[in-house]
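Attaching a single structure in structure tokens format; questions to follow.
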Amino acid sequence: MIKAGIIGGAGYTAGELIRILINHPEVEIIFVHSESNADNNIVDVHSGLLGETSLTFTNQLDKLDAIDVLFFCTAHGDTQRFLDSHSLPESLKIIDLSTDYRQKREGNPFVYGLPELNRNEICHAKYISNPGCFATAIQLAVLPLANHHSLHELHVHAITGSTGAGVKPSSTTHFSWRNDNISAYKIFNHQHLAEIRQSICQLQSAFEAPINFVPLRGDFARGIFATLYTECNLTIEEAYSLYSSYYTDAPFTIVTKHNPDLKQVVNTNKCVIYLEKHDTKLVIVSMIDNLLKGASGQAVENMNLIFGLKQTTGLQLKSIGF
Amino acid sequence: MIKAGIIGGAGYTAGELIRILINHPEVEIIFVHSESNADNNIVDVHSGLLGETSLTFTNQLDKLDAIDVLFFCTAHGDTQRFLDSHSLPESLKIIDLSTDYRQKREGNPFVYGLPELNRNEICHAKYISNPGCFATAIQLAVLPLANHHSLHELHVHAITGSTGAGVKPSSTTHFSWRNDNISAYKIFNHQHLAEIRQSICQLQSAFEAPINFVPLRGDFARGIFATLYTECNLTIEEAYSLYSSYYTDAPFTIVTKHNPDLKQVVNTNKCVIYLEKHDTKLVIVSMIDNLLKGASGQAVENMNLIFGLKQTTGLQLKSIGF
Amino acid sequence: MIKAGIIGGAGYTAGELIRILINHPEVEIIFVHSESNADNNIVDVHSGLLGETSLTFTNQLDKLDAIDVLFFCTAHGDTQRFLDSHSLPESLKIIDLSTDYRQKREGNPFVYGLPELNRNEICHAKYISNPGCFATAIQLAVLPLANHHSLHELHVHAITGSTGAGVKPSSTTHFSWRNDNISAYKIFNHQHLAEIRQSICQLQSAFEAPINFVPLRGDFARGIFATLYTECNLTIEEAYSLYSSYYTDAPFTIVTKHNPDLKQVVNTNKCVIYLEKHDTKLVIVSMIDNLLKGASGQAVENMNLIFGLKQTTGLQLKSIGF
Amino acid sequence: MIKAGIIGGAGYTAGELIRILINHPEVEIIFVHSESNADNNIVDVHSGLLGETSLTFTNQLDKLDAIDVLFFCTAHGDTQRFLDSHSLPESLKIIDLSTDYRQKREGNPFVYGLPELNRNEICHAKYISNPGCFATAIQLAVLPLANHHSLHELHVHAITGSTGAGVKPSSTTHFSWRNDNISAYKIFNHQHLAEIRQSICQLQSAFEAPINFVPLRGDFARGIFATLYTECNLTIEEAYSLYSSYYTDAPFTIVTKHNPDLKQVVNTNKCVIYLEKHDTKLVIVSMIDNLLKGASGQAVENMNLIFGLKQTTGLQLKSIGF
């Protein structure tokens, strides 16, 4: 059994991670750390777990020696602050869901944890930086083109559920405002653009074209629905062949020829990709559940790879359907 | 033109009041008072008014002499604090949307502003205490029975939209939580029970039976849908006759023989009442828009009555339909 | 491995059943029968299964000898018509999700499949009639009182998600109408009242009091939220003790002392029960997912019991959370 | 008083038109024609009108001589079929909400009824072809650029509410499917592209660049939220100046410097436009209510212009707010 600890246990990604791990056949949760909720029952915060666990949150770090893997479900900046101020056991694996280590830089020991891009490195990694949610949906939509060195200027619109904004109430997550509402934010300036470009350039080093990205806030809780297009001289058959081939060994990224809808992926770790060709442009629809393939599900996928488990272990989740 | 001022201008009921008054043919808004938003544009807070007004909020009270009516859209307790600490012009009419003066008591000069109950008193009133939203829906469902001295133990379930909880974000108005969710609160203990009982007893002084009231939080923004039942020895035809007769002169309370749905009243000042008889019990469905007939719409209705206007002036609102 | 067949495979309960069974460790789906979708891919209808199965629907019944259990996800009346016109292998187990065999009557060989009521009979049954969704939520709310012979007149309001109305589009499931809407239907006349009363009388044979039931249509897809109350001379502590004791061995029915919300049970097979005492009345909140504990989840629970598996096998589903 | 008739009275745009006209101070509705609902009460179909009208639908056309204006709220193709098979009074004005006469062609006597483009022609028109909903939102987003002869290749994503799909239930308007869901349709192929291009070319005749348009189905009932961008060598200040100048006399099209949200326009006849400049690209957000500025509201706006009324008469609607 893999023994796991979680830092930052009161937020949404931690809740989802616990909900996955509690049924994972090869994992035991040793502790869930939360300063703000120390000694509270986990089910009082993550109430969907009612009847499934009697664990309580802790504000102690005395069990770092008892675990094999430590998940950081921390606010951005907090993972780095934690690592800078604590010494961890040598053998401990780390999977960080924050943005802190996603960008390659001198001395950054973290592997970018997108299995469809870095599967081999992840299998041998000690430290994983888990991709962002928008970044996952957008990268999976274009990696086959980048790998084919044929990605051009990219046009992206993506609409996200409210859970992407976290557990803390705010004016843009206030139900009376958000219900039946749509709005755009961080137009052309979203912070995930950096990791998207980094991954594209890993495959297509000459890529310098613009990535025009309009993020939208949707009036639903879970999921990211992205539509993208780019100039492409492949036929639709060639494009499907390219994508299917690239994702042959990816158990969660599924290429479909049926125009899909977001709820196909909600509550699953899947990414569903759909293609259309119009004149010279290839249109790509890419959909994920932002809390699963976009966060905690992918974190468990990375854990499975690190520890030599089957990639899908504990992640064959029943889709919500409706 | 009636000159109006508003205290507590940044909340939801104030926003709705401004949206009504801005198109009211007999009203001019002189000032909208808000400590927290002083000098901000009103449209920056109540953004549905974009293009309709250039008014700004003020934290000054220098125009009390320039108005005919002052609306209090204040948090509960604040109207009383304001009146205790300010002296107002003798002739100024007051319409208070808070709970502060709803209960009759020695020295309370406010008339309870439910036109279907107190129309004559309202027409001659100086100070009006506007009813609560649940209280309006529930009273309108049972006043004909109380007037007929035949109301017995009352069973009430009512589900409310999120705007009833106001503008301030909280855990129970957080979109990720409230979307697709239902919950009960203040079971059998809601604060509106007092004003409901007071009005029933005004008509049926011997009424002492329980009012069993389960309030629910709904996953929509506007509206209250109440279902009630009570023992009743009237036939369904007699009951319809009793209700239709009682509401003959009420322009906004409509008795229907078609099973209704909440959106019929959303964005209107209507209350729609529907009846069924099952064995010995009369079932009553009662629906209002909590921000209109349940708050600001009824406040304007009261203003119309006080100033001798037609009761419906400025309140013939297009229903949302969908 | 248990070999399973499904009749009526294109509807919502069949979709949910397939989504469960596809990950059930002890089940193999042999065929999914649908007249209307013969030869279509199952994922084209139940698209949340994309990437999980290559099964197609069949309109043939040639594999009845190859299965151990046959699920009927049929419209009401169709199970009986099927059984009257086909002869089935002697050893075949049947689990019927329709209403056809829920009422006890001369010659009805089906056991009513509510494990919290009939666990032992189910373990030895050949034919199971799976309870209705409202019926499950309401019975689980009152069985401990009935077992204690102390149930009195019952007041029930319950709001259901749209999936309870099935896959066929209609005016009351039209999005433009139902979104943000609430309505009541079959007031005091819902067809599930018969099976509710039957189960209550199984435990408290003298029960003849009214069950006043107002069903509501909610503007969400999954879940039933029921609030009930009845006269009760137990203290709240005694009531909790009674309920906890009754459900000691029920793995999915959980009694909580925290006021719950519907999404705790969505996408799970749980029923969550919460109690409050007010004067002489006991208030009970009862929540289920109508497609799981209210239909296909409970069907699998019954299958597990019949075949001697652990009751929870394949049903430890991750809650949606949000 | 303008006397109005309506053909195709049972659909959503007809319902919205009636809800507007019933409160319009200068209009009397003479008849509402519907084959399918002949002799039914209008409130039984458009139930938000409860208490506001006792009109019934008619399947007779005997009052064509008694009206000044005839609105067609017909399915596409039906207006042309009607006009081809009926002779209408010479002086009768026609406002057609279908697509039948939007494209200029030899012998098409209809003026394209977008007041922000063709105000003068509309004022003197006899026959108006009312623009499509997506077409209105997109044109209003780019007309100032086209008028400035500086529109380039256009990138458009727009998400629409379900009322755009009409009153007839279907699989993509089934609540269980559409709730919390997002999907794309008619990618790069939407039928409104023709009228959009026609209007652009009316101002910028050399425009031949692609209009890349991805339409999305949203999980809300009312509204269109469009985000567009194009190469543009204006500064943001120049762009705002261009847009403000172009819309100076447009009472319903409002240019804002605050990032807006869809609900600002819901239940109003407004179009709200917002601009951002990023490198060489101008980003435009454009929002309307599809049933109002996108259909029936704009139809009334056109009627007001034809009959010499103030453009805003009967259209100063209270926004929903929430």
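A, B, C and D are the chain letters, set down in written order, and residue numbers restart from 1 in every chain.
By definition in this document, a residue touches a chain if its C-beta (ideal position, glycine included) is under 8 Å from a C-beta of that chain, and two chains touch if they have at least 3 such contacts.
For each chain, UniProt lists the protein as follows: A, B, C, D = N-acetyl-gamma-glutamyl-phosphate reductase.
These figures come from a predicted structure and were not determined experimentally.
Set side by side, the interfaces A-B and A-D show unequal numbers of C-beta pairs in contact, with more at A-D.
Using the average of C-alpha coordinates as each chain's centre, A ends up farthest from chain B.
One finds 34 Å separating the Cα centroids of chain A and chain C. Each chain gets one centre point, the mean of its Cα atoms, and the points for chain A and chain D are 40 Å apart.
With centres defined as mean CA coordinates, chain B is found 46 Å away from chain A. Counting only residues that touch two or more partner chains, chain D has 12, 161-163, 176, 179-180, 219-222, 260-261, 263, 322. Within the complex formed with chain A, the chain D residues making contact are 155, 157, 159, 176-177, 179-185, 187-189, 210, 212, 214, 216, 218-223, 225, 227, 229, 259-263, 266, 276, 278-279, 281, 283, 285, 322. Across the interface of their complex, chain D is touched by residues 12, 161-163, 165, 167, 169-171, 173-176, 178-180, 219-221 of chain C. Across the complex, chain C is touched by residues 12, 15-16, 19-20, 23, 44, 46-52, 161-163, 179-180, 221-222, 252, 254, 256, 258, 260-261, 263-264, 267-268, 270, 272, 291, 316-322 of chain A.
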